[in-house]
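Handing you this structure, nothing more for now.
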Amino acid sequence: MLESFWILLLFPLAGAAVNGLCGKRLPHKLIGLIACGAVLASFLVAALAFVELTGRAADDRLVTVSLFTWIEAGEFVSRAAFLFDPLSAVMILIVTGVGFLIHVYSIGYMHGEDGYYRYFSYLNLFIFMMSLLVLGDNFLVMFVGWEGVGLCSYLLIGYYFKERFAGDAAKKAFVVNRVGDFAFLLGLFLIFREFGSITYLDAFQSVQSSYPGMETGFGILSLITLLLFIGATGKSAQTPLYVWLPDAMAGPTPVSALIHAATMVTAGVYMIARCSPLYSRAPETLLIVAVVGAATALLAALIAIGQRDIKKVLAYSTVSQLGYMFVACGVGAYAAGIFHLMTHAFFKALLFLGSGSVILAMHHQQNIFKMGGLKKYLPYTWGVMLVATLAIAGVPGLSGFFSKDEILWQAFSSPQGHPLIWALGVAVAGLTAFYMFRMLFLTFHGQERIEMGHHDDSHGEDDHSHHDAKPQEPGWSVRGPLGVLAVLSVLGGLVGLPAWLASTNQLHHFLEPSFHYQFVPEAHGEHSHALEMGLAGVTTLIGLMGIFVAYTAYLRRPHLPEQVSQRLSGLYRLIRQKFLVDEAYDAVIIRPTHWLSKNVLWKVFDDGVIDGAVNGTATVVQIWAQQLRKIQNGYVRSYATWILLGTALLFAYFSYFAA
Amino acid sequence: MVPTSHYLILGAILFAIGSFGVIFRRNAITMFMCVEIMLNAVNLTLVAYSRSFNQVDGQIFVIFVMVVAAAEAAVGLALIVLLNKRRGTLDVDQIDTMRW
Amino acid sequence: MELVVFYLFAALAVVTALVVVFVQRAVYGALSLIVCFAAIAGLFVQMEAKFLGAIQIIVYAGAIMVLFLFVIMLLDPQKEIFVGRKPALLIYASPLVIFFGYVLLRALLDAPQPAQGSLAERGAIREVAHALFQDYLLPFELTGILILVAVLGAMVLTKRRPAETE
Amino acid sequence: MFDGYLLSLILALPALGAAVLAFLPAENRSLLRNVALAACLAAFAASLLLWTGFDPSTSNMQFVEDHAWFELGGFQARYALGIDGISLFLVLLTTLIMPLCILASTHIKKHLKAYLCSMLALQVGMMGVFIALDLVLFYLFWEVMLIPMYMLIGVWGGQRRIYAAIKFFLYTAAGSLLMLAALITLYQYNVTPNFNIVEITGALSDGRISIPEGTAYWLFLAFFLAFAIKVPLFPFHTWLPDAHVEAPTAGSVILAGVLLKMGTYGLLRFCLPLFPEIALQMEPTISCLAIIAIIYGALVAMVQPDVKKLVAYSSVSHMGLIVLGIFAFNLQALEGATFQMLNHGISTGGLFLLVGMIYDRRHTRLIEDFGGLAQVMPRYAVFFMIITLSSIGLPGLNGFVGEYLTLQGTFLANPVYAAFAATGVILSAVYMLWMYQRVFLGKITGEANRQLADLNLREMAVLMPLVLLALWMGVQSSQFLRPMDASIQKVVDRIEQAREPQSFRVENLGR
């Protein structure tokens, strides 16, 4: 099974093709079955391959399969080849596993929507592209997946394409991603120029031989890694390119869960982990990665506090958590980043899906200030959401605690880390706990402010909804995946227990071979377990404080937030308006470019200068011709005169000058 | 024997007179006659050269010129008659339809 | 003696040509032109081109000019007033023609003029006939076609069309 | 089996079709169309034999035919045809595009017979340009193709067709005259017995012909201008939007799909191999123009209110990338550029076909007149999306491969150029997706849009080959790249030889 792991790519592709081409004529049940079956098959293949991989010796855990030569031009060769190693194994399990759960969830969530087949076709295509991304054995195949998931994201964000905002959001996501891809491409070009190959293993080998140690100063390696990282900021929604992700919530909620929380947005983290041999040698870039990650985490957490839309809160929370993962990568703790990626995939998918079932129950009402007290109507959803919220808030014992704590510990102790980054991380942990519980309390607790959504008819689901009905728990296909994810959110942390709890961190151990080429300065020696435990305690404390503040502000004294916001109205408004980043981009980049293109380049330069010159030449010729044609005046005698003059001049020329 | 240059000078003078007539006169028939003067001037020159080069070809050319002149007179005069019929005038200044 | 004859004919040709140009009635011009052609025919004969002299009289002064006279009489043109719609032309014309005549002369006189011989000794008409019917046979035949076309053309042009009511 | 005269056959089939058309009754429209279509399809089928019989291992001309044509005072013009890896796919592209264009021309009612004859004559001209080896023959075809195109725009075009047609003609004729002058000058220096491009290139590279640098400079410039106008490169591009907007659908498709390629083909076939030294000298200027074209074309495309004009300006942008790739002088960039020529033919040709289909229905091309079409015409929306994605270079479709190779090669030659050119990646997504959004997404605007019929079978048959080809070329790219290898390597070698003339000579003497 291990050697033919690549067949797992075929199932979702086939599913997408079948549903896309003839889904219109298929019954809905069959469509869902095909889509879920395809992903399940992929997951099973991945799991079998994974099991087989663990059976091998640690340094033998690497399989590559080359299907055909894709592009070949001189020394430049890119094969359609795939790589299965611990890193891609973990990733593919997350992708297909969580992906499968969300597919199942979608059957219930999307029930009765227009273009049901279209949705599942896109979703399967996404799984295929994401698999390409994580399984590719060279940068170009990864880039196919990288852009492919972007496309699926575009299609799925724009799923409700009748709404203007959906189209806007979809386009924005694609374009912002393209900005990142621009840098990513330049990074690829540079890799080929420097290392003569875009295959991971060859390129890394070449790096290892030419850079035995770290690069000093900002050199080529730093430039490559920086360019790749800019690509990652686009895909993984980091500063300054995070702006598309909150808007991307225009898509259906399962899509937000799958693409914009669990899998696609983590592609940047995967990419950095995959390129760890490059990043580990470029300390300058690592610093930038860590700082950008920390800054994004803080910024997004602050914005999340002021959001009123349940999905927007989660979106900014995702941006913030991704910041954590980049902090991990930035301090050289790739395994910790992947660990958090995994746990985050569980609890954030759970949160999104939970919010999805709230939204479904509320008939597409997404404003948390119009909910409240939902606990009694949706106890099951409340339960799983609570688990997830506790996990993300970093309450000890749950998955989020272990992964977040490991990142913070690494940020503190790793040679690339710095206490300042750690402090930022801890502050963000507090903020996270606060805004997540704010959301939870406002939604499920407190007084009822229920105001059902007026679901637009065009969404096509309203036939059987009753606006005055009480919110109801959704069906099994929605609740099933929620349960599984809740279990994973609780237990997911066990694969990566910290050193003060277990002798080996299993995930680290497993991922080790993937970072084989990494240049790792192991320097944990001087720090004791006691310090690690102590720091974890501090984080936990801060997190609990955040929960307490949220409890005070939104349950015990509901007027407090209003008072605070009045006291700090400037800051509050700034947070509410998301620091005006979108508006700034609009004013500084988009509008001037548009204005310049329209009024200067097109109207003035193209139509005026160039065409003006062309038409001007024609006009000048025409003016002269107008004058000259007067010679053709119709008088024979005048013509005779001209002929005579011409002949005379010719004779004169020949007898005086030519002779 | 009269030197060739004399004939050439005479030819040039006649040609100039003819061309002046073409410009000067408004009557289509007179213009036509002036053209005939120019043709004869040319003929004179051709014959003069023919004698000067001691070659008969110049004279042959003159014969051809005469034939063409005859044909031209036939067609040209026919056109003039037609013109007079259509426009009722022989004044070329009145006939300026073919202009910009 | 020859020179005197030449000047006589030359003066006659120039004067009659000037009459053609400056006389107001076309019919006088035509009559004057016949004299001009006759004078030129005389010059041809003086240059030993007797055959040409003969056909100059027969074809030109005879046939063509008769045609002209017929047409003039047929149309009966008015006495011409020389100043037309473009009086400026008259001002340009004289200097232009003088300039033209001058450059023409220069060109003719600058051309090489080899020693003169005489065709008469070898029988000019025989020579002409020889050249015309051997070396220039094809052009000669073509002129026949040309004349045929011209005759047809003249007929077609002047034919009264049935639709035309004038 | 036809090896000896396959190229002539491909050239003759459309001409034969036109001849047959001339004798058919003008009233029987479907018969006329079918005959024209049959001629084009036959040419396409014959051209497939070229591909199967093509030997990718050599850079020599293949399927060569060489017969005496006429002789004039020691000057011999020959009927010499042949293809190599560069022209192979351009020939295939031409024969593929033509039947699709005929199939997409059902809206033509006026002078149908003349229209079809023009199309077939155009095909002969275009094919001839790609396969002619003799320079006189080449020039003949180059001019032949101009006239039917002029007619297509001028007779069957839109509102301002006369203006557009004359502009197109004058721009192009100006370029061709420069080229004619250059060809005549080149002839003065020619010492080979005939006027064959391959032999002249060979003679120039081994020094049998030597052209003084000053003259070579002007020759290069004349050739370059002729081709740059055709491409069209940045300051010479303003005929393109007008011509595209006014031309009938098939005219736009041929213009974008094939005619523009002649410019870049000429650069590859003439400018680079004939005057590599001058090309190297001029490279910075030309590359700058190309980069300006990429960014400028994209920015201006972004703000166009007319879909067709938008696509036209996007052509300027894409063709700029091809020129940039050609003047990067390395294998990756040149192969990428050649590949991109095919891509551009498919994606932009496809876009024009699509725009034509909606124009047939609504008789407007203004973006603001549309909106929400995806609900009314879902199939149309899907095809448009795929072609759009191909045009903006989504990996997995053809556009990406060409774009990537071109940029990769350019990067190897000059990273700064590549960085500027790569902004086209962002901008193309901006203008295409923005247009797509305004036309297809959102609520249905306007009652007229509510009634639109989705694509019919014929229209799908027109688009399907392009879509399948886009996918095939995107995934199995190496099948298309391999035949180009040897021929393009030859061009690269020629440039490399000029880059260091001294060392090359010494090396040669040593052997």
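All chains are identified by letter, namely A, B, C and D, in their written order; residue positions are counted from 1 within each chain.
By definition in this document, contacts are C-beta pairs under 8 Å (C-beta built on N, C-alpha and C of every residue); 3 or more make two chains touch, one makes a residue touch a chain.
Because the structure is predicted, anything quoted here is derived from the model rather than measured.
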Chains touching both chain A and chain B: C
Between A-C and B-C, the pair with more C-beta contacts: B-C
Distance-wise, how many Å sit between the C-alpha centres of chain B and chain D, to the nearest whole number? 59
Could you give the separation in Å between the centres of chain C and chain D, each centre being the mean of its C-alpha atoms? 64
Whole-Å gap between the CA centroids of chain B and chain C: 5
Please tell me the distance, in whole Å, between the geometric centres of chain A and chain C computed from their C-alpha atoms. 99
Residues of chain A engaged with two or more neighbouring chains: 635, 637, 641, 644
Contacts with two or more other chains, residues of chain D listed in rising order: none
Name the residues of chain C that each touch 2 or more other chains. 84-86, 89, 93, 96-97, 100, 104
Per the contact definition, I'd like the list of chain A residues that touch chain D in the complex. 68-74, 76, 80, 140, 143-144, 146-148, 151, 154, 158, 161-164, 166-168, 170-171, 174-175, 178-179, 181-182, 185-186, 188-190, 192-193, 593-594, 596-598, 601-602, 606, 610-611, 614, 618
Touching residues of chain A toward chain B in the complex: what are they? 629-630, 632-637, 640-641, 644
Taking the complex as given, what residues does chain B use to touch chain C? 1-2, 4-21, 23-27, 29-30, 32-34, 36-37, 40, 43-45, 47-48, 50-54, 56-57, 59-60, 62-64, 66-75, 77-82, 84-85, 90-91, 93
Listed in rising order, the residues of chain C that touch chain A in the complex are 84-86, 89, 92-93, 96-97, 99-100, 103-104, 106-107, 110
For the complex, give me every residue of chain B touching chain A. 19, 22-24, 26, 31, 92-93, 95-100
